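All chains are identified by letter, namely A, B, C and D, in their written order; residue positions are counted from 1 within each chain.
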Amino acid sequence: MNSNSLRYCLRQSYISLWRNVWLVAVTAGIIAISLAMLGGFLLFAVNAGQAMRTIESTVDISVFLYDSADKEEVRRGLIALEGVESFVFVSKEDGLAEFSRSLGDRVPLSGLEGENNPLPDMYRVKVVRTDLVPVLAAEIQNIPGVESADYGEHLVGLLTRVTGWLNKIFIITGTLLALGAVFLIVTVIRLSVLTRQEEISVMKYLGASNWFIRFPFLMEGIVMGWTGTVAAALAVGLAYFRLAAFMQRETLAFFLQPVTHMPTLFSILATLLATGTAMGGLGSLISVRKYLKA
Amino acid sequence: MNSNSLRYCLRQSYISLWRNVWLVAVTAGIIAISLAMLGGFLLFAVNAGQAMRTIESTVDISVFLYDSADKEEVRRGLIALEGVESFVFVSKEDGLAEFSRSLGDRVPLSGLEGENNPLPDMYRVKVVRTDLVPVLAAEIQNIPGVESADYGEHLVGLLTRVTGWLNKIFIITGTLLALGAVFLIVTVIRLSVLTRQEEISVMKYLGASNWFIRFPFLMEGIVMGWTGTVAAALAVGLAYFRLAAFMQRETLAFFLQPVTHMPTLFSILATLLATGTAMGGLGSLISVRKYLKA
Amino acid sequence: MIEIRDVQKIYNGSSAGALSGVSLNIARGDFVFLVGPSGAGKSTLIKLIFREIDPTSGKVFFNGRDMAGLRESELLKVRRKIGMVFQDFRLLRQKTVFENVAFALEVLGESPRAIRARVSLALERVGLAGKENSFPSRLSGGEQQRVGIARAIVKDPLVILADEPTGNVDRENSRRLMELFEDINRSGTTVIIATHAWDLVNGMKKRVVALEKGLIVRDEERGTYSHE
Amino acid sequence: MIEIRDVQKIYNGSSAGALSGVSLNIARGDFVFLVGPSGAGKSTLIKLIFREIDPTSGKVFFNGRDMAGLRESELLKVRRKIGMVFQDFRLLRQKTVFENVAFALEVLGESPRAIRARVSLALERVGLAGKENSFPSRLSGGEQQRVGIARAIVKDPLVILADEPTGNVDRENSRRLMELFEDINRSGTTVIIATHAWDLVNGMKKRVVALEKGLIVRDEERGTYSHE
């Protein structure tokens, strides 16, 4: 292919795009819808993941001490353990105050101060990953001075299962959505090629090489893919930031805070853009190939 | 249109379906994907709605009584209130036992039995709708003998907002998905009509009436819509029942129980079937119309 | 039967008119050749009678009725009485030869039995017996053209409009087709043929209307293709 | 230059062969008319030379090379040397007249300047100067056909294969187009024309190959359309 041919191909792509502007717009629209759904889904997955981690991080182990225990020794024991993220000491007085607050300060606990305080001293231990909780609780139990190491057994089991379960759903749904989008794009481009099937065969009869024929279709596909993706990215991005702002304003719950970590969001955006552009180009190539046999 | 014409139209629809079996299959596939997403989404919405209601129903008002209060009088007061679903009496002893259990039975509360019990008697009141909680709490406060009527103010506010918020998301996403599906279907059928544009104009030149031309397209659209919908309904239904069975087995959380109320599920199925069939037929009609001017 | 009154046709986007003021009267039972160089406006004139296109100015009457004033359903009825042979064949690609020809009768609501008999006869008359089940894409150029002719004559139309019906057909077959048109004409059908087949025109001594650059330059009762 | 050796062609799904054992030698610079009734196999023979279709048995040689053995890229190179006029025109609907003709040169990688000059010349030679910017759908039948001819001659091909190139063109233009083909032939180009234009065949006294039912029934050096 010499430079004349290349220039011709480029001009041709441009002309072809304009002459088929309606079809191009429709396909771009379909790509936009598919990718918007994919993007929305990715954002949901990322947020759900963060919410899960936030909830996980609130699962802590309550370590109750014997009255006779050496706090310092327990502290060292906890430091030595791998998987412990942090811990705080809660004295029996703080514990009583907390308990009183949890009853709404409406119930007089006046008889329980000082010597009468029935609560033990405790450490509250945060763990790096939920599934470590049971193991670490058992190990902590063995530290001298510890009466019991307690955690929401039911909650931990629940979280572990919900996480695995969400992951499965995410992978399956994501794959299905992506497949559906590719399928749609290939179909639409194939239909568009189908309507130009005759044209392609005539070009072959005139001695046009495969690349000469492919080029405008390829460009068309890429432009369609790219336009659709940019539209999808804009729509999803806008919707997400409005939603995020709304959620931050409302502070619905500690675990319902939107992900606003820019690198994460940008990598989703980049994924969308790359996927859309590649989809358009590849879709065209695949669709044209069938009609390029001599 | 006489009976000969009608018979011809029917036969023609059948032939046309078979000659375009590939296109019909692809369009049916697209309809299936769109509707499967719509169906999945509807199921999700129904389940999320149920989960919200379950959570709401656990928000109750704790009514603490003065030691001197007349329980019977308070009981009558509660019965008289509209919006109260049910209530139970929790004596100070039961309250202490509950509290002890919540501490894991590991903390000795031995000094607090009988006379030393710092907790008051209370009623736990369930309310029919979350947004009634604040009003009812204020009214209960006025019943003689009630020291305080307490509820998770934060939780109630949260739930009210989350519910409104989810409803908005459901309506918007659902509308977008449905619009997207219709758009896809109309596009695909329009492309298929576009490829037969010439044929349609020749038929007009031969004196064929609009209905004569429309009929096979209409039938084709209906068959496409219907096939796609049945496929979608089967896929969604199967996936949902497997998921539901899994969730019931796992009993992840009291509020994560799937909806298995058959009338609800069947109405979703019926919606899908009607939507798909209508989409196919209407899509065809709309698409053909443009080419039917004499 | 067909009256064209001072018709002008300027296609969208072109400066020169394809027809610039043409008047023509064709009586029931006439046999008319439209001749003239390529681009003279023959097809345009035929398309106007058929109302495939509308005139820019002037009027076209069919059986005394203004074609421009017809409601859609009336237009369809008029078209059902016209047997049209298109210059570019316009066969239905998705249908077999038999189905293509049968379609002209299907729109009239004929019974399957009658259709079968009449289609077979028409195909035989154009020399295509045996090709019933072929699709148009699997026919030779001349065969496709004759399917178009069969489709036009099968319904015993009031008028046959044939645009270059023998361009892809050999000499022998062309002659036979012209005889066919003459036959049909004898039974009362009006026949209008746009053609370049000068030998056939000269041989048949029918009415000849010659167009040139959108104008009628000659209209002779027993005319020839050209004056040489 | 072109050698057809005992070629048979039976289309998929048909029982009778379109060609049943045909051998033919065409030398460089020959001018050959292919004649014969509709459905005789003329287009089939041309499509074989061009390798639009493959023979069921037998061989086709182009410049001494077996067409069946060509790799795709070689086939394209051969096709670039052939100027093909299709019976059904096969213009690119999405391109203007100018672009349609230019396309034959674009695939050769010619410069835009050369393309402009040569396309204008070719369009003038077929009598279409002034129609450069029309789309094929806005041309008359004969004009479309001449665009196809311009596209075939514009690249100064080694061989011109023309399938019924004057079927929609008037007498005067047909004569001029035949003179054009003769002109090009004089400059060394081999010309093969399948046609029903008996008057032109008879008038030019060129080699005539007559087909009938898939067989060569006559091959005369200075022949006529038929023996009458």
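Here, contacts are C-beta pairs under 8 Å (C-beta built on N, C-alpha and C of every residue); 3 or more make two chains touch, one makes a residue touch a chain.
Computed from a predicted structure; not experimentally measured.
Visitor: According to the touch definition, list the chains common to the neighbour sets of subunit A and subunit D.
Guide: Chains in contact with subunit A as well as subunit D: not a single one.
Visitor: What's the chain with its C-alpha centre farthest out from subunit A?
Guide: Of all chains, C has its centre farthest from that of subunit A.
Visitor: From the C-alpha centre of subunit B to that of subunit C, how far is it in Å?
Guide: Measuring from centre to centre gives 62 Å for this pair.
Visitor: Any idea how many Å lie between the Cα centroids of subunit A and subunit C?
Guide: Distance between chain centres, rounded to whole Å: 67 Å.
Visitor: Just how far, in Å, is the C-alpha centre of subunit B from the one of subunit A?
Guide: 24
Visitor: Which of line, ring, star, complete and other names the graph you get from chains that touch?
Guide: Per interface graph, the chains form a ring.
Visitor: Pairs of chains that touch, anyone?
Guide: The list of touching pairs comes to A-B, A-D, B-C, C-D.
Visitor: Can you name the residues of subunit B that touch subunit A in the complex?
Guide: These residues of subunit B touch subunit A: 23, 26, 29-30, 33, 37, 64, 104, 106-112, 116, 118-120, 147-148, 150, 158, 161-162, 165, 177, 180, 183-184, 187-188, 191-192, 194-195, 250, 252-253, 256.
Visitor: Where on subunit C does subunit D make contact in their complex?
Guide: Result: residues 11, 13-14, 35-40, 42-43, 87-88, 134, 138, 140-143, 146, 163-164, 167-174, 196, 198-199, 225-226 of subunit C touch subunit D.
Visitor: Under the touch definition given earlier, write down the residues of subunit D that touch subunit A in their complex.
Guide: Spelled out, the residues of subunit D in touch with subunit A are 50-52, 72-73, 75-77, 79-80, 82, 84, 86, 90-94, 103-104, 106-112, 151.
Visitor: Please output the residues of subunit B touching subunit C within their complex, sorted ascending.
Guide: 1-2, 4-5, 7-8, 16, 19, 196, 198-199, 202-210, 212, 294
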